[in-house]
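Presented sequentially are two complexes of chain A, the first with chain B as partner and the second with chain C.
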Partner chain A sequence: MLKEKLEKFFKIDRRWIFLLLAIVLFAPIMKPIGLPNKTISRDAQNAYTFMDNIPAGSFVLFSLDYDPSTRPELHPQAMAMVRHAFKRDLRVGVVTFIAGSTGLISQIFAKVPGEYNKGNGTDYVIFPYQANYAAVMTQMGSDLYGIYDKDQDGRDARTLPVMKGVKNYKDMALVVDITGTSILDQWVAFVGDKFNVPVVGGVTAISQPGYGPYLQTKQLKGLLGGMKGAAEYESLIKEPGKGTSGIDSLNLAHLLVLILIMTSNIILLIIRYL
Partner chain B sequence: MKFIKKQIPLMIVMVVGLLTLASYYVPNKHSVDYIELLSKWENIVMAFAFLLGLISLFYSHYNKISRKTDGWGYSLFVYIGFLGMVVPAMMNGGRQMVDGRLTMLGWSFNYIYNALSATMFAVLAFYIVSTAYRSFRIKSKQAFVLFLAAFVLILGKVPLGQIIWDFLLGWTHATVSEVIEWIMSVPAVAGKRGIMIGISIGAIVTSLKIIFGIERQYMGKD
Partner chain C sequence: MELFTNLWAWFSGLFVITPAWMTLGAWVAVGLTIFIFSFLYKDNPFFKIAEHLYLGAGMGWWFQVYLYSIFIPKVWDPLMAHQWGVIIPAVLGISLVTQFIPRISWMSRYGFTFMMGYGAGLAVPAGLSTDFIAQIGGTIEPLSRMASMTPFAIFNSLLVAFGVICVLFYFFFSVEHKGAVKKVSSIGIYFLMIYFGAAFGNTVMARFSLLYGRFDELYTYSGSNYFYATQVILISMVLYFVVHALANKGKKGTSEEAA
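Entry: the complex of A and B
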């Protein structure tokens, strides 16, 4: 009798689970709980420290390769890292190999530069979307103007103050790639290793474990993983943003997954030995 | 005819393949110029590949609509979605904001593309949670190890999990971050490194087979 009742739990209508998750996700967004972000991971700390030690005025290349599907995790990472670069008075160049990323880049640079009085063309430059990353990465090793002769607004890239003295990777202090794809692997292989340029990454939580080998060998100087990575970076630069505010939902959703898995397995054990 | 259709393409692949491979290791002006030229050609070819893909996509959905196959109505949205983004992009010269105001393209990006793409991905979360409940069953020792690793990782990835760990297992003096650090640095890296080496060896072998004309499937059947 009990066995049959318990078995019913396995056949529960999945819409109840959907509803539960929806409540768990939305409730903290509507009314934040304010759970503390206790620890900073070693890789996020390394990313921060590397950026923080770059001399002011150096050129940092951001490759922002994510689209709206991974926006909740990666957009806060990008915002936090761009903020840090501007805070440190670094020159910023932006490229992308994902067409859907162009709108998100516009959103970042419509907001963040104004907070630090940074100007388009003088302190930062946004290059147009390019489809073939392998060719672009290789080309930028010798002369980036061979691919990016104009910026997104059609201005001659060579004459922009922000590009003064920048011709190829030798003139860049750091490459930051924030991506929901495998493009970060290509930055490491085609650029970091070959041209000896430091590379820092930002990836989704699900793909973070895959970058362990690169971090161990220091091919990646640091890595932000998912929304937690964004929250960690935001707390490091002391600028709370979407990463920090999303951590409550993330907390509860993760716990819900654990509780559900444990519940189903406890039920399974009881059924088996009953 | 066979010479034109087989030997010449094979020869081009071999020469270009070997030159490109060599230029990676030779820091010479000529090799840099060669790579630059090749990069530009690659970009041009890529643009044509995009165009070809687009034509193929449109053709395939046009056929679905004209034959009224199952779900043909969805094919209409391919054209609607395409026009919904491309027409504003052309009208606004690819700019999403002008003087701090959203253009038509900006509006389409924010309220069509952004919303649809995010929704598609967000729906996954609901299915993952539902599947975790229904399918993550510990029926073997291997499944138990997987469960244990997943449990610790999920717990350690969120601050609330760290608090729970400290409360329940604080007496062990091992923080969840340290345990995760070990899982990620030892078993996870070992597994990932094995996979990476395997993939790389496979890629090298396949590349050499293409360069030396052993692998010819890319040339088609004729």
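Entry: the complex of A and C
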């Protein structure tokens, strides 16, 4: 009798679970609970420390290679890292190899530079989308202007104050790649290892475990993984954003998954030994 | 080309962002999101509309990207500036299209040959150095400086080296997996399983993050400044399903439920 009742649990229409998950994710957006993000991973801390120790005025190249499909995870990471660069008075250059990210880059630079009184062309520059990343990365090793002679607005890149003294990777203090693709691997292989440039990454949570080997060998100086990585970096720079606000929803959703897994396993054990 | 560019500039001018366009954009975003999510309940025409729109819009988007970000700046503009050198890569690129015409498809081999040679030349040395030599070094190097390491770091280094050896044994098929080799390769499976478990856990977190992103936007667009787009479209969809269910009461279901 009890066995039959318990077996019904495994025949629940999965749409009830979808509904429950939707409620669990949506409720904290309407009414934030404020669950703290207390743990900072070693890789996020390393990324922060590396950026924090770069001398003011140095040039940092951001490669923002993500499109709307990975926006919730990677956009907060990019916002936080660009904020940190401006806070540290670093010069910022932006490139992209993903056409869909041009609008997202515009969103970041329509908002963030204004918060720190930074100007387009003097403190930062956005270069246009380029298709073939391998060719671009290789070319930038000798002369950046061979591929990026003009910025996104058509201005001569050589004459921009932000580019003063910057010709190739030797003049860059750090490359930051935030991507939902494997382009970070290419930054490590074609640029980090070849030209001895420090590389820091920001990737989706799915890709994060795969970068363990590069972190162990210090081929990557630091790494942010998914929305949690964004929340960690926001905590480090003390600028809460979308990453931090998403932690409530993520925590509750993970709790729901844990409860469902545990409940079904316990029921399965009872059924087996009853 | 100038006429085409001017026409495009005029057409783009129609879409200068105004609050009215933003509101319309919000309604489109909310509508398409809810239409796509509605498949979780069951297949319906609104889902199909969103699905087809996605494919069509995607094709249009990529066409303009290739035209304005690649063809015009990389081929057309240099040709107009009499830089004839671009003809060679352009012809190699065009040769790839000939594979759609069986009679002259042999021409595409030249383009592919160039791509393969160029790609292999770039990837092989970089891959060997970054993913092979550097990783072997990264596994062995910590073992050479154990005297200066903490007990935990020593354990960690040994575990990594042990894991690498066991997993390599698992993928070594030239020796029959029996006896000691079988035991080592079985341990390798456990290391792989731990990796897959971590990767799957992260995948779940990533999917929830993406869902959170959509819900966050739905909440943003539920405000009065967007004329309650989320509520209106959500209620309309629920009403559609209720009416549809009532109208088809007693009939054998033809629509597909969420897989």
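Keep this in mind: the second predicted complex is superposed on the first by the 274 of 274 C-alpha atoms of A that agree within 3 Å, B and C clash if a C-alpha of one lies under 4 Å from a C-alpha of the other, contacts with A are read in each partner's own complex, and residues count from 1 in each chain.
Going forward, contacts are C-beta pairs under 8 Å (C-beta built on N, C-alpha and C of every residue); 3 or more make two chains touch, one makes a residue touch a chain.
No experiment lies behind these values; they were computed from the predicted model shown.
On the shared subunit chain A, the superposed partners chain B and chain C overlap sterically.
By the document's definition of touching, of the two partners only chain C reaches A:Lys242; chain B does not.
When the two complexes are overlaid on their common chain A, residue A:Asp193 makes contact with chain C while staying clear of chain B. When the shared chain is aligned, chain B comes close enough to touch A:Gly146, but chain C does not. When the two complexes are superposed, the chain touching more residues of chain A, out of chain B and chain C, is B. Of the two partner chains placed by the overlay, chain B and chain C both lie in contact with A:Pro209.
When the two complexes are overlaid on their common chain A, residue A:Arg71 makes contact with chain B and with chain C alike. Of the two partner chains, neither chain B nor chain C is touched by A:Asn120. When the two structures are aligned on the shared chain, A:Phe26 is found in touch with chain C, with no touch to chain B. Of the two partner chains placed around the shared chain by superposition, chain C is the only one that A:Gln219 touches, whereas chain B remains out of contact.
After overlaying the two complexes on the shared chain, residue contacts for A:Asn168 are found with neither chain B nor chain C.
Chain A uses residues 14, 18, 21-22, 25, 69-72, 100, 128, 130-131, 134, 138, 194, 205, 209-210, 213, 216, 226, 228, 250, 253-254, 257 to touch chain B in one structure and chain C in the other.
For chain A in complex with chain C, the residues that touch the partner chain are 14-15, 18, 21-22, 25-26, 29-30, 69-73, 99-100, 128-131, 134, 138, 185, 188-190, 193-194, 204-206, 208-210, 213, 216-217, 219, 225-228, 242, 245-246, 249-250, 253-254, 257. Across the complex, chain A is touched by residues 40-41, 61-62, 65, 69-70, 73, 119, 122, 126-127, 129-131, 134-135, 137-138, 160, 195, 198-199, 202-206, 208-216, 218-219, 258 of chain C.
Chain contact summary for the complex, chain B toward chain A: residues 24, 32, 35-36, 38-40, 42-43, 46-47, 50, 94, 96-97, 100, 106, 109-110, 113-115, 117-118, 120-121, 125-126, 128-130, 132-134, 136-138, 147, 150-151, 153-155, 157-163, 175, 177, 181, 184-185, 188-189, 192-193, 196. Taken in their complex, chain A has these residues touching chain B: 10, 14, 17-18, 21-22, 25, 35-39, 41-42, 67-72, 100, 102-103, 106, 110, 128, 130-132, 134-136, 138-139, 141-143, 146-147, 152, 194, 205, 209-210, 212-213, 216, 226, 228, 247, 250-258, 260-261, 263-265, 268.
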